[in-house]
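Lettered A, B, C, D, E and F in written order, each chain numbered from 1.
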Amino acid sequence: MSRNVGIASRLKRNKITEVVASGKRMDGRDLLDYREIQIKTGVLEKVEGSAEAYLGKTRVLVGVKFGKGYPFDDTPDKGVLMTNAEFTPIAHPTFEPGPPDERSIELARVVDRGLRSAEILDMKKLCLVPGKSVYMVHVDIYVLSYDGNLIDCSALAAIAALKTAKMPVYTVKDENVKLTKKTKAVKILREPLAVSIVKIGDSLLVDPSADEEEVMDARITITLDEKGNVCTIQKVGSVGFTRDELKTAVQIAAEKVEELRKNV
Amino acid sequence: MSRNVGIASRLKRNKITEVVASGKRMDGRDLLDYREIQIKTGVLEKVEGSAEAYLGKTRVLVGVKFGKGYPFDDTPDKGVLMTNAEFTPIAHPTFEPGPPDERSIELARVVDRGLRSAEILDMKKLCLVPGKSVYMVHVDIYVLSYDGNLIDCSALAAIAALKTAKMPVYTVKDENVKLTKKTKAVKILREPLAVSIVKIGDSLLVDPSADEEEVMDARITITLDEKGNVCTIQKVGSVGFTRDELKTAVQIAAEKVEELRKNV
Amino acid sequence: MSRNVGIASRLKRNKITEVVASGKRMDGRDLLDYREIQIKTGVLEKVEGSAEAYLGKTRVLVGVKFGKGYPFDDTPDKGVLMTNAEFTPIAHPTFEPGPPDERSIELARVVDRGLRSAEILDMKKLCLVPGKSVYMVHVDIYVLSYDGNLIDCSALAAIAALKTAKMPVYTVKDENVKLTKKTKAVKILREPLAVSIVKIGDSLLVDPSADEEEVMDARITITLDEKGNVCTIQKVGSVGFTRDELKTAVQIAAEKVEELRKNV
Amino acid sequence: MSKKKSKKTTKRFDGRKPDELRPLKIESGVLPHADGSAYIEMGRNKILVGVFGPREMHPKRFSKPNMATLRCRYHMAPFSVDPRRSPAPSRRDNEISMVMRYALEPAVFLERYPRSVIDVYAEILEADGGTRTACINAASVALVDAGIPVRDLVASCAAGKIDGQLVLDLGDYEDKEGDADVPLAYMPKTEHVTLLQMDGILSQDDFNGCIDMAIEGCKQIYEVQREALKKKYGLDEGEAN
Amino acid sequence: MSKKKSKKTTKRFDGRKPDELRPLKIESGVLPHADGSAYIEMGRNKILVGVFGPREMHPKRFSKPNMATLRCRYHMAPFSVDPRRSPAPSRRDNEISMVMRYALEPAVFLERYPRSVIDVYAEILEADGGTRTACINAASVALVDAGIPVRDLVASCAAGKIDGQLVLDLGDYEDKEGDADVPLAYMPKTEHVTLLQMDGILSQDDFNGCIDMAIEGCKQIYEVQREALKKKYGLDEGEAN
Amino acid sequence: MSKKKSKKTTKRFDGRKPDELRPLKIESGVLPHADGSAYIEMGRNKILVGVFGPREMHPKRFSKPNMATLRCRYHMAPFSVDPRRSPAPSRRDNEISMVMRYALEPAVFLERYPRSVIDVYAEILEADGGTRTACINAASVALVDAGIPVRDLVASCAAGKIDGQLVLDLGDYEDKEGDADVPLAYMPKTEHVTLLQMDGILSQDDFNGCIDMAIEGCKQIYEVQREALKKKYGLDEGEAN
């Protein structure tokens, strides 16, 4: 049942639902087709890692910065990984400049949880002096163009940026930490990628466009690592999923994630 | 003279003033009667001290947390006591979620001043390493239901929570501070409790309900310790008190505080 | 071309433009006349330096505070100079209390850039222990009355306050920094002062009043040191300057700054 | 309780069986000034939920012309966790507020109150693991207590994996030590899952096992919720489906 | 000055007698752009107060249909205290703004300007003890300077106890070292106390003594306020009571 | 390129001649959802500018009855500088947003769109020296790409002094080491300077030399801007003066 307001919006919903019910989409794709995927790495010079990912007209830039900082009180022997997401106002006419809103908080949280719960970095190896000095890894997601499915696009860019990053090397002597001119590759333990599946009427489809996200009933995002393990799940939207729909969604995600994986 | 706006409000005020002028109150109490007082201590497990106080339908939860932190620059040899108050939106339909407003700031300030000016804790004994490490004592007031007279209710809960708190014990060796598994009782030097008296027309009454606070001309809150000393005074409201009214108010407070004291 | 809105505002603009075109001003001044300048130093007792400057009805108070703090990471061997500006709501009926708006940010930035780019203090001499402890110099601009030309007025007050300030003396022994009771004069390397020139129609005029600022087409502020070097430039306003106008503006500024300099 | 899911019989940290819920207590109508309310103790979680509305929405331009807006706020008291936390909402709080809303919305007949708002405020007084599921359990009861018509109650709990074993309703300690945690919310009548999240690493089989185990847990919680509502819930039966 | 209250004749820190006010100077009409203004030096306090209004209130929905709204803002310059303070308002500042409003409201005929607002802005340029009382003294003069009709001037000062002795108008040092501090505001004509606060520990007798002493102090300050207003205040005499 | 300004032939840090611009690339129409857009690489600066509007202004009371409002926002990505910066806008960002607006406003026929707003958003993806001039170059192209009528393009670059020599278009390293930096914006058709700032210490002669050198640099940039707009700019020729 649609919960979108406004006549224009309801007409759009009716149209999209009708097309989707027939197994097709407004832009001609099949329900389980991704749009064209493109990934460029090393696009920025001032950061340790960077990548730009495109899903059709959706475009996300991720910069990875390594620095030195204090560990958290409860994990004195672990490095710190921080994920942040910003929706720039150039990405879509409806985005406004200002502090992060619900959507950008969700994007950052889901990508962050994806990286964290999959333990993609060995955080203990990112400790320099226990309790005093550790690596700080900032993963900054910057949304440059919005046409739906930001989570999948951001996860692709984040993994691509981390995989190609060169981290600075510090020497530690008597708790004195010194930056050297050397760098080394970042060791990635797992490569979780996200597949978002939306429900419109009784249909499930992948890689939703902005219009499809606007009219969707619900969305489930499933992050899987390279062994097919499930790492993160996020369901949003004001309609529920049946047990069968969930099983189907996991199968779809397991299949599509292999396709995505070819790009990073 | 009433300064409240709106017809409904003025009718309410007229009615309440009339009843009060006859020496009675809308809920049947006498002018100097408190509502039923109830105090429960040890209601939370994760804090060092806690208490819930009820004054009729007014309900306040206080949690006391002890931690370790840095002293203030100007008091390097003293622990730090911090009082905070939050009005939760479940307490009253007119309360909104968000940053503290004037009322919650006043509540926190008056309770804080009450604890501080009465020097209820020996702050010097809460120093671990001068200039480097001291006890931090957080008194958090959480308003769960509002039907007037939050200050008296909060002071009751705060004193009850502090009196029953068990603080962690640290060992200090060569400026190294270590948490032990031991705890000890908190030594309370004084027990200041608050009595709020409101003026409606020419009458003074205690323990105002939400309605009485809405229409009152002024309020004076008097905090007294167990020896009858005055510790904190706060007058608010857009009408003044005569010298005689103030004297009467102090007498009422001195009398009523003994009644409150039986509950902690 | 006027870009001001509202009929009253346009009438005001027409009137002022007309008078200015004839080489005169509403208050009888010539285009290149400053209003009466008055400077008082040592007006506050709790700060290391203070000065109040008046330009006609414009009045600015500057307090200079010296303290001890941490250096910035990228300049471990330099003291820190911070300039802040506040527009108090008593200065003008249109000023509202609250966080700094665009105008107060610009004022602080231009004065700050003026002090900084002219390197008026030898910041290396304000280092106590490299990387650990340096002098913090706070220059606080407090606008008490607004009738235009705040930048020139603030620069005058800031230089006057710094010139007459007495900074505290610390002793340093084995990285231990101790405050002594001694004070010493602050060594000022340069004395940059600002001259603001506004363009109304085809005329350039100095020391604009609030009304003139309201209707002006553009403003250029030029800061010069005592040797006639240019230190800071700031152009604002929605009209441009021709190359000739800029040359003229620099000449005017070089001339008028000598007049201002007599006051500090 | 469905015993077939428990593969081992190893005791858990707190002595529970793998598919055993923590002690659960729900009370409705506990706040004098809210339109509806509930208090829940689920393990050591202590949570109060107040519901206000349907009432007029301010500012009006954010209201929806054809339905009510459901607003949820997940808020932790500073003393609810150790060490004490700042009262300002974190990104995690905001995310949980959002998923709470999505978990409850499918149950509520929002169409009956166009242009109005229903506020659901959850105050976490003490936090054990699984605060979000406990909030949903209490909020669903509080909505019915407020007289708001619903399709069904929403019951919620998590399943997860710890030491190679699937377990139900993880406490704080298990939450931090386990391999994965799958909070879920469920409407038994419509058989819809309205909340589903996960963090950790699980094979697809284990993930499916967690879902099944959590749904069974929800069914038990559902009975406690119904009990808490007693007669009030009886009135609402007619609304369902 | 009422001598009977001083029990001892010990000199104070700054050489004053127990019931002696600090040097006091009030000037009115000092700000060119305010509707009314006053500058006060009370000890080392240096404070400027500007009054704007009655003027239209924005946003309108906060205005009162039957009277004007009095808004007060107590604001300290960053350099007014040592060490320098941040310009952001503290909880203390907000509380003092509130009690200032309550101290002044009883004096103002707010009913004459329905729906409008009167803004009273106090800027503390330098702070000694007792800034709030100094603000009230200046604000009351500034209100009259703005032509706003009042029942009476509000005069304000504190009394307190230090080294076992009751003393009037505590300075910064005494404020910090003393046993207690009782700031009070008073309208001599109506004999109403419109501000009363206290922090410290005082017997009920001493507390009553402080009130009496502070009221005497207010009466002296009142004369200085009247002097500052000269003719302007004369016009206002007819308004009282 | 005007060679007469270069006094010495010493090579610069990056091998450029004193009056040589950094490598410059401008592309228009690069953002699918903006009304107009441009991407610029100027040295190592990488900047995207999107233009939205003219569109309705919210809140309406801030709109101007006789003209459009031009809003500019200069915003740096957290990874654009080393070390990483916080995403919150700084005082410097706000100042640059303001001077960008003043640099562009003289070029735009704002009178044609009363009550509306034109938003210019500059996103700094990577920052070398001279970000503000690069933003203005891209923004001017993006405004034309959005179909907004302009008097002329605004071209912008800086000149400065380093090691006693006047140099054009300072990079990051030169910016920090140099004696002074004079960013300037220029409309060649009307010969108006619409941005002028400076920080450093320059004799009046050197300052005048910098202005002349920067204007020459702007003229070269102007050609690159025109090239980027190709046919679109052709349409706009008729508008000028």
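Please note the rule applied: a contact is a pair of C-beta atoms (placed from the backbone, for glycine too) under 8 Å apart; a residue touches a chain by one contact, two chains touch by 3 or more.
Just so it is clear, the structure is predicted and the values come from calculations on it, not from any experiment.
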Chains touching both chain B and chain D, listed by label: none
Interchain centroid distance [CA atoms averaged], chain A/chain C, Å: 47
Centre-of-Cα separation between chain F and chain D, whole angstrom: 53
Length of the line joining the C-alpha centres of chain C and chain E, rounded to whole Å: 33
Where chain A and chain E are represented by their mean Cα positions, the distance between them in whole Å: 58
Junction residues of chain D - those touching two or more other chains: 83
Neighbour-by-neighbour ring order, given that chain B leads and chain E comes next: B, E, C, F, A, D
Parts of chain E lying in touch with chain C, wherever the complex brings them together: 31-35, 37, 44, 46, 48-50, 52, 55, 73, 75, 77-84, 87-88, 119, 121, 123, 125-127
Residues of chain C defined as touching chain F within the complex: 3, 5-6, 73, 102, 105-106, 108-109, 113, 116-119, 190, 218, 220, 225, 228-243, 246-247, 250, 254
Chain E to chain B touching residues, read off their complex: 64-67, 83, 91-92, 94-95, 98-99, 101-102, 105-106, 110, 180, 182, 187, 190-204, 207-208, 211, 215
Touch list for chain C against partner chain E, complex: 44-47, 50, 57, 61, 63-65, 67, 84, 86, 88-93, 97, 99, 138, 140, 142, 144-147
